[in-house]
Amino acid sequence: AQSSSVTIFGVLDVGVQRLTNGNKTLNLESIDGLQTSRIGFRGREDLGGGLSASFHLEGAIGPDVGSGGDWRRRATVSVASKDAGELRLGRDYTPTFWNISKFNAFGTNGVGAASNLVYGFDGASSTAKTVIRSDNSVGYFLPDNLGGVYGQAMVAAGEGSTGRYVGARLGWAGNGLDVALGVSETTNTAAGAKFKVVNLGGSYTVGALKLLGLVHNSKQTTREQKNLVIGAHYALGSGIVRASFVNAQSRNSANGEDYTGKLFALGYVHNLSKRTSLYSTISQVNNSKTGRFLIPGGSAIALGDDSRGIEAGIYHSF
Amino acid sequence: AQSSSVTIFGVLDVGVQRLTNGNKTLNLESIDGLQTSRIGFRGREDLGGGLSASFHLEGAIGPDVGSGGDWRRRATVSVASKDAGELRLGRDYTPTFWNISKFNAFGTNGVGAASNLVYGFDGASSTAKTVIRSDNSVGYFLPDNLGGVYGQAMVAAGEGSTGRYVGARLGWAGNGLDVALGVSETTNTAAGAKFKVVNLGGSYTVGALKLLGLVHNSKQTTREQKNLVIGAHYALGSGIVRASFVNAQSRNSANGEDYTGKLFALGYVHNLSKRTSLYSTISQVNNSKTGRFLIPGGSAIALGDDSRGIEAGIYHSF
Amino acid sequence: AQSSSVTIFGVLDVGVQRLTNGNKTLNLESIDGLQTSRIGFRGREDLGGGLSASFHLEGAIGPDVGSGGDWRRRATVSVASKDAGELRLGRDYTPTFWNISKFNAFGTNGVGAASNLVYGFDGASSTAKTVIRSDNSVGYFLPDNLGGVYGQAMVAAGEGSTGRYVGARLGWAGNGLDVALGVSETTNTAAGAKFKVVNLGGSYTVGALKLLGLVHNSKQTTREQKNLVIGAHYALGSGIVRASFVNAQSRNSANGEDYTGKLFALGYVHNLSKRTSLYSTISQVNNSKTGRFLIPGGSAIALGDDSRGIEAGIYHSF
């Protein structure tokens, strides 16, 4: 119970945002242009013999309205061995989420995020509650001494309801290259329908340039969504230029239709220090005639309308 | 992400309180006799060249029932320059609030607080959601090297709803004197009605005595409330005697009436240390025939009835 | 406001649990097999002359779903004197709770806890809101220099609703023995019906063995529950074997019946360090023909059915 054993960490990221869906424009204060605002506590105890125990508590903050209070970003306890890997229990990110987050020029935050199109079906986020994280999970992580091979597996209890999850991720990183494959299956309806995800992503860094790519397929019964994400980071001065293109195809959507959407995003992050940045991003989503993809947070969108967003903000981590 | 860069701070202030409205008396445990119970985290990063970044997270606590969890007292991120001032984004106090808080012998807490009458219309607190704080705000603060002149301005987005705020405060402090003027306008109904505040306050310290005064006007369409607040602090032994008188005039209230209320308060704060005090306050509100001003927290009040309160508590800050 | 004066502390305790009520089995992730998962902040200020001030904020965490955010485990401020004892205000544990918690081989957590039967009436937890803690309390604690005698008293305001509490606990500890008596009365209905608790518990430690015993009676009007709890801890290797038997008799229950239940529990705690343990517990509740006692968290139980639970988990404190 020494405070010295606990690290307090977090992010405050607040900006101004202008979202236009069709001809309706809304001005907003945004809370996650670069990373989601958050606060967390974590600690690690060395148990000797290569064993350790650790905990991680992390909750989102909405600095625009002062919301917060839960630990729904992550709430886990772990026992780990240097050679045998880590056993982790609690609410945690799903293995399949990490490919969306890592192999995507804008991560999963802000108007340019590929996740604006990737998450769920029909342009709606979080169709399955395990797209990002899972309650009631038991996870296993490979040790980090496998020559660049990394991986994890997770099972999560449905506790008599939906949300039973089984998934895994396996990757390799080295020589500037990083590639990983993820697969998962979630029991997503009371009748037992499965929400299935397969994704394969990679990045390659050469000098100031980092290229990122991801293919991501989601499926439930006959409904299906296919995503292709291509992006780049380019180190420029004390900052990074970021660019991304996302293609999304929705087949046999809720009302039986097929449609597509394309997201184009460009942004710049100006680093004032390792902990503090100013940033701006511009993004546009073009829909096919019955498409309903959008940058979330704005007005309702009419089928086929474009969605546009621009934002500028302050990112500060602690 | 070093815990050393984060300061944990807060207040636990709990007392026993007896409130009498008309002939109905209620015994309560109070949670903000001297200051509102709270917990917060804040930090500041020096960026060099007179620049800095900082964050501030602060949420109220209800130690009587163990409530808490949000950051609705303040949740902001800032970039500041020694010479150019501070840009601050997030949920924050409004400029017009500070005059109510600073030029008032009991601040905005406890049975003796002028805010018991000042806030909102018709004796009801928080008629406008920007009386104390505003969501979605962008604020600017003057630097502190202007020879005693201080000031701030704030705009806040309504995000398609009510609560759009524009306000500012300008003051001067020196030679024991402190005076400040505040003005604001909030879009307070879906139809666009404006809630307008103008207040002018000051304090003057001479030896053991500090005199405080405030005039505060609130207006929305034809409804109007005028307040006059006069108070004093007198350092006595290791404590402070506090006294306050508040006059409140309500014109064209919700049901078209005009009425008045007067608050008289007297209290003593006994400091056990810089961080810990014991205190007691007694207060009385007298209403005109149809007045409905009261000390909040007790039973419902009948028109024209008096409201009386007495409390004693422990204040501890960390 | 120095962070050095604040201690951050907590517990993450997550396990896997299998609960069977009658013939219905549910697999769950558990969050309090050994101790309730929690986070807290506390601090103490020396005021000189044997006086001190302190605060304690502590809230439960549900790491299975990432819940948390309040301080409902405890939220108190205290002023204490070495010789005169401690005055404590806020939300706190009731005196009568401590006998349930201390003189019970499994404390009040997990499938083997005596509290599964002891709390409230009719097998339902928290019939009175003061069984564990009380809102709006004012507590007094004897100083710790009374030759092994310890004690506390609490009154809590109902604030115009139910929950008015008066209670006390008096004990003596020394020479391996610890005994304490608790009594309380809570105004538990709008009509003023009293919920009354009397409990007497003790423990005796000799070498590796600790024996624990408790009698606990709860009564409201004609309804009554009597509990007898017998348990033992046995230090074995780097761990502790725990065993418990609980008898519960319910008289004149909600539907007028009398019934009984018996809980048998056995478990092992393997300590990896002072802060980290692995544990497993198995427990069974046998009901008389109309009994409805159970291990909480599983499926609904039919009258007279048995309730069985097994769990294994990781406990980590910080």
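Order of writing sets the labels: A, B and C. Residues in every chain begin at 1.
Here, contacts are C-beta pairs under 8 Å (C-beta built on N, C-alpha and C of every residue); 3 or more make two chains touch, one makes a residue touch a chain.
This structure is a prediction, so every number in the text was calculated from the model and none was measured.
Taken as a contact graph, with one node per protein chain and an edge wherever two chains touch, the assembly is complete, since every chain touches every other chain.
Taking only C-alpha atoms, you rotate subunit A by 120 degrees to land it on subunit C; that is to the nearest 5. At the subunit B-subunit C interface, residue numbers used by both copies make up under half of all numbers present, so the two copies contact each other through mostly different positions.
Per-chain CA centroids place subunit B at a distance of 40 Å from subunit C. Residue positions of subunit C with contacts to 2 or more other chains are 3, 6, 8, 68-70.
Interface residues of subunit C, counted against subunit A in their complex, comprise 3-4, 6-10, 12-16, 26-29, 39, 61-70, 272-273, 275-276, 278, 299, 313-314, 316-318. Taken together, the subunit C residues at the contact with subunit B in this complex read 1-3, 5-6, 8, 41, 43, 45, 47, 51, 53-55, 57, 59, 68-79, 87, 89-91, 133, 135-138, 156-157, 159-160.
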